[in-house]
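Structures are listed in the sections that come next.
Both complexes below contain chain A, partnered by chain B and then by chain C.
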Partner chain A sequence: MSESVDAEASVLDRLRGRLEGPNTYGNSLPFWAVFAVVIAGLALYPQLVGVYTVIQTSRYFALAFLALSLSFIWGYAGILSFGQVAFFGVAAYTFGIIGLNFSSATEIMAALVGAILVGTVAAAIVGYFMFYGGVRDTYVTIMTLVIALVLNTFMAQTAGSEWAVGVAQLGGFNGMDIPSLTLGIGQSGFVLERAALYYALLAALVVTYLGLRVLVNSSFGLTMVAIREDEARTRTFGYDVPFVKLVVFTIGGALAAVGGVFYGSWGNYIDPTVFGIAFAALPVVWVSVGGRESLVGALGATVLIERMRTELSSGIGPIGSEWALVIVGGLLLGVILFMPAGVVPTADDLIARLRDRRTERGQSTNTPEEAIE
Partner chain B sequence: MSTQDINVRQKPAVAATGGNTETLLATKALTKNFGGLTAVDSVDFSVTEGEIRCLIGPNGAGKSTLLELITGQLSPSEGDIYFDGEDLTGMETHNRIDTGLSVKFQSPHVYENLTVEENLQVPLQRTDRDTETVLAETLERIDLTEKADVRASELSHGEKQRLEIGMAVTLDPTLMLLDEPVAGMSVDETADVAELIRSLHDDGMTFLVVEHDMEFVRRISDQVTVLNQGEIFRQGPIEEIEADEAVRRIYLGENA
Partner chain C sequence: MIEVAATPLQLSAPSLGALLFQFLNSFGFIILATVGLAIIFGMMGVINLAHGEFILIGVYGTALTYHAGVPLPLAMVAGVVVTTIFGVIVERTVVRHLYDRLLDSMVATWGLALVISQLLLIVFGSSLDSISTPMGSVSYGPFSSSIYRSIFLPIVAVAVLGGLYVLFTRTEFGVKARATIKDPETARAMGVDTDRMYVSTFAIGSALAGLTGALYAPALGSITPNRGSTFLVEAFVAVVVGGPSVIIGTLSASAVLSVFNATGSFFFGTFIGQMLLLLVAIVALRLLPDGITGYVKDWQQRRRAEQ
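== the complex of A and B ==
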């Protein structure tokens, strides 16, 4: 009896060992306790709030994939892409094109796989030319932004009826319809909408977050960090740096693509603004505010900032959404000026310092004062 | 110029390390031009297995360029590089390292934001050596066992230099390339590094060391190659080199 309990405990320990490490924040039992409470809370959330809030929150979750994607490539490998939205949008459009042409549940599941594949391959191609072509640092940022803007311009001029793939009209600025995600076989399937979509997103997000934690704390994660810290030196330890960066960028593209499919099917609609500069800047803001080296920070910042934008948009009136962008910009400036590492790393640092001071005081004082405590 | 040309044709000295005289590294007519400047000029240079060969010469002699040609950071204008029987010439840096080379550059390039142990792990995880054993052994060797969990940014200059040598050593290379390993170090720190190199050499590692500090060179090596204006000027045992008038002249920067 006790042996099986021990075995269970050792499996848990091993699991924790893989999830924790120097490359992630939250490596303690209290963190996992809070994590479990938050997940339980989010699981109950749809029972507590109205359908509108559930639908809005699903949108934040879809965008959080974009944040994880950028935190992964920028925070851990030092590749600042301003164009993760490109792979996000390409996947959304691809999902729409395949989904509109084939409508059975099986085919929509195939569209999901196809769209993620196309977004991933797009990232791999862009990454190949950048990293093997010696494009680095700021030039990566500029190039990825330009790719997004070119797609923005291109998709905007696809209003004519000649811009169609099968029955799917690309629609230029008017955008394109996108079917809902459907799970199932044959004609009948389970359509992921409202609470169902919310739960699917929540589950996908938790799995992705934990998976990324294992990855960044693995030896591959250490390689990423080494490249971020000193690319030239890492090469002289025998690492194929362009290849590692290509792999990282491709994984980042895949994450953005997953978010794009969810996002497109969430609104049943996609238009070229997904490639626009305002939207392209948002992931950079979320990740900078949350802390680029913190996956959990990126997640939290995305949900909170997007929620704030929604509230402001509906709260202030017709010009609310413009004001929201201004406020988000101000928030970015404030964070960069006062906590350049972002909220989560700064808070973590603060907690560690407080704890240090406490133990120091605990060691230097003697019993009488301990009694007061 | 013409007198120097004659000197260059000197026969390379045979290493005085036991009976083992197998050539590990060889360059054939290796040349590197930067625009109009020839930094390395048709150099035939070799390192014999088991020796500590020092490469000296005045500033701008082409020592670092030669090292960068060997590691593949620079590609040669002409000539070839052979290591352990393989032609390295067209190879990418990371593939060259896999053939058994390891390098430590002049200025310390440790990962400042990582701990000492993580720094060692970056190169170590590429090998199939046992992590725990090698980590403990290397930390002991570079005398940083107590600082294993300290961030590299908090180390002194000498400690960083030792750490970086340790990082290069974890790859268990056949040939270790060191570019001015004691630059900017105190006398004590220099002595530590000399001892470290000697102990690794005793364990069978071959070294090519670029160095300015003659005192340090005398401590670790008896075979010296003098580079001047991109060409091999002299090669031989340290006593001979030090006694050579022409070497002293170029080393002190006096014109003949």
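== the complex of A and C ==
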């Protein structure tokens, strides 16, 4: 009896050991307790609120993949990409194109795989092009932005009927229809929408988050951080820096692609604004505000900022929807100036300092006793 | 823009002329869009992602004064002044904190860009009345080109580069500014007020953005708050392709890019021209990560080493 409890405990310990490390915030039992409560709360959420809120929240979850993707490559490997939306959008368009041409449930599942694959391969090609070509730092940032803008310009002029793949019309600025995600075999399938989509996204997000935690705390994660801190030194130690960056960028592209498929099938619609400058700025805002070195910060900031934008779209008092972008931009500016690490790392720092002070005080009351001894 | 009246495009004298004017048009545009960004990036290492919005402030300053009844040349001066003042305020409040944080400076100025363009939309509505382009146009064969865009602006662009060259190499201010950028501590030890040099350099960059805005205010057609990104993309691409040397870099990159842009636009339409420009930039970045001038510098050093 006690043996099995021990074995259970050791499995849990080992699991925690994999999930925790110097590269993540939240390495304590209280964190996991709060984490469990939040997940439980989010699981109950659809029972407590209306369908509209559930549908909106699903959208935030889909966008959160984009935030995870940027936090992973920027926060951990120092690759600032303004173009994660490119892989996001490419995957959404691919999913639509395959999904519209083949409509059975199996084929839509194949479309899901195909779209993520296309987004990932696109990231791998771009990454190879950049990292093996010696493109660095700000130039990576600019190049990724230019790629997104190329796609924006290109997709915007595909309104004509000659721009079609099979039955799927690309539609230019009018956008393209996208089928809903469907799980199943043959013609009969279970369509993921409303609450079902919400739960699928929540599960996918939790799994992705935990997976990324394991990854960034593994030896590969340590290499990523080493490259972020000092690329030249990491190279001298014999690490293949371009290869590691390529792998990181490809994983980032895959995460963005997953988000893109979910986002496209969420709205049953995609248009070239996903490649535009305003949309491309959003992931940078979420990740900067939440804290780029904190995956959980990126997640939280995405949901909160997007929620604020939704609320503002109907206007709050004298503040109309047009102020949303001003607030978002101002938030970004303010965080960079006053809280360069972002909210979660700053808060973590604050808690650690408070705890230090308390233990210090504790020790100072102890000293007289020690002196007596 | 060049109006094409006849569809068949043979390489006759008029069509070659039209191609040349298209090239000049694009050349002037890229230089003027780039030069302010290039100064701020090349001299201070700060990437100002709000550069397009700085230009837009120049456009708005000019257009609003012009619509208030002021003659166009004076309205343009107003546009430059407004943008310069705005630039100094931004430098003192935001950019000053970001001199050694390159990526942060990009992110912060992007936030600034969102705020500016959205505020312009809120305050001035979705568009301002356009200003008609001065100086008329020349017709030849089936084509006609705007004198202002294809002749006047390219000349101004080259003159601006020449003026900057003189400013930064022949004047005391220029020497001090370059010393500050190269080695701030030594410059300070030599009695240079480095803080003032940073403000002045940023102010020059902003003034140039304002000048670009003022000059293009009557050449844009409709004036809308989202036009900033048109300028920003070309400026970005040219800075990156040009490399670290500000003046030669801007000149050479603008020449190369506008050849592709003009040829593409002329034969296949403006969309292909734009795409070609961006694709050339991507390929150029892959082949020459330090830009044209970085490559030339490398090559010179290698040759010197061989000798």
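As a convention for this text, the second predicted complex is superposed on the first by the 359 of 373 C-alpha atoms of A that agree within 3 Å, B and C clash if a C-alpha of one lies under 4 Å from a C-alpha of the other, contacts with A are read in each partner's own complex, and residues count from 1 in each chain.
The rule we apply is simple: contacts are C-beta pairs under 8 Å (C-beta built on N, C-alpha and C of every residue); 3 or more make two chains touch, one makes a residue touch a chain.
Please read all numbers here as calculations on a predicted model, not as lab measurements.
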Give one of first, second, both or neither to describe whether A:150 is in contact with chain B, with chain C, with both, or with none.
-> second
Go through the superposed model and pick first if A:169 touches only chain B, second if only chain C, both, or neither.
-> neither
Should A:58 be classified as contacting the first partner (chain B), the second (chain C), both, or neither?
-> neither
Is A:225 in contact with chain B, with chain C, with both, or with neither (first, second, both, neither)?
-> first
Figure out whether A:69 sits in contact with chain B (first) or chain C (second), or with both, or with neither.
-> neither
Can A:310 be said to touch chain B (first), chain C (second), both, or neither?
-> neither
Which touches a greater number of chain A residues, chain B or chain C?
-> C
Per the touch rule, the chain A residues reaching chain C in their complex are 80, 129-130, 133-139, 141-143, 145-147, 149-150, 153-154, 157, 277-278, 281, 284-285, 288, 322-323, 325-326, 328-333, 336-337, 340
Tell me, which parts of chain B touch chain A in their complex?
-> 71, 73, 92-95, 97-98, 103, 105, 109, 111-115, 118, 121-123, 125-126, 167, 171
Interface with chain B, chain A side, in the complex: residues 22, 219, 222-223, 225-226, 229-230, 232-241
Contact set on chain C toward chain A in their complex | 47, 94, 97-98, 101-104, 106-108, 110-115, 118-119, 121-122, 229, 232-233, 236-237, 240, 271, 274-275, 278-279, 281-282, 285-287, 289
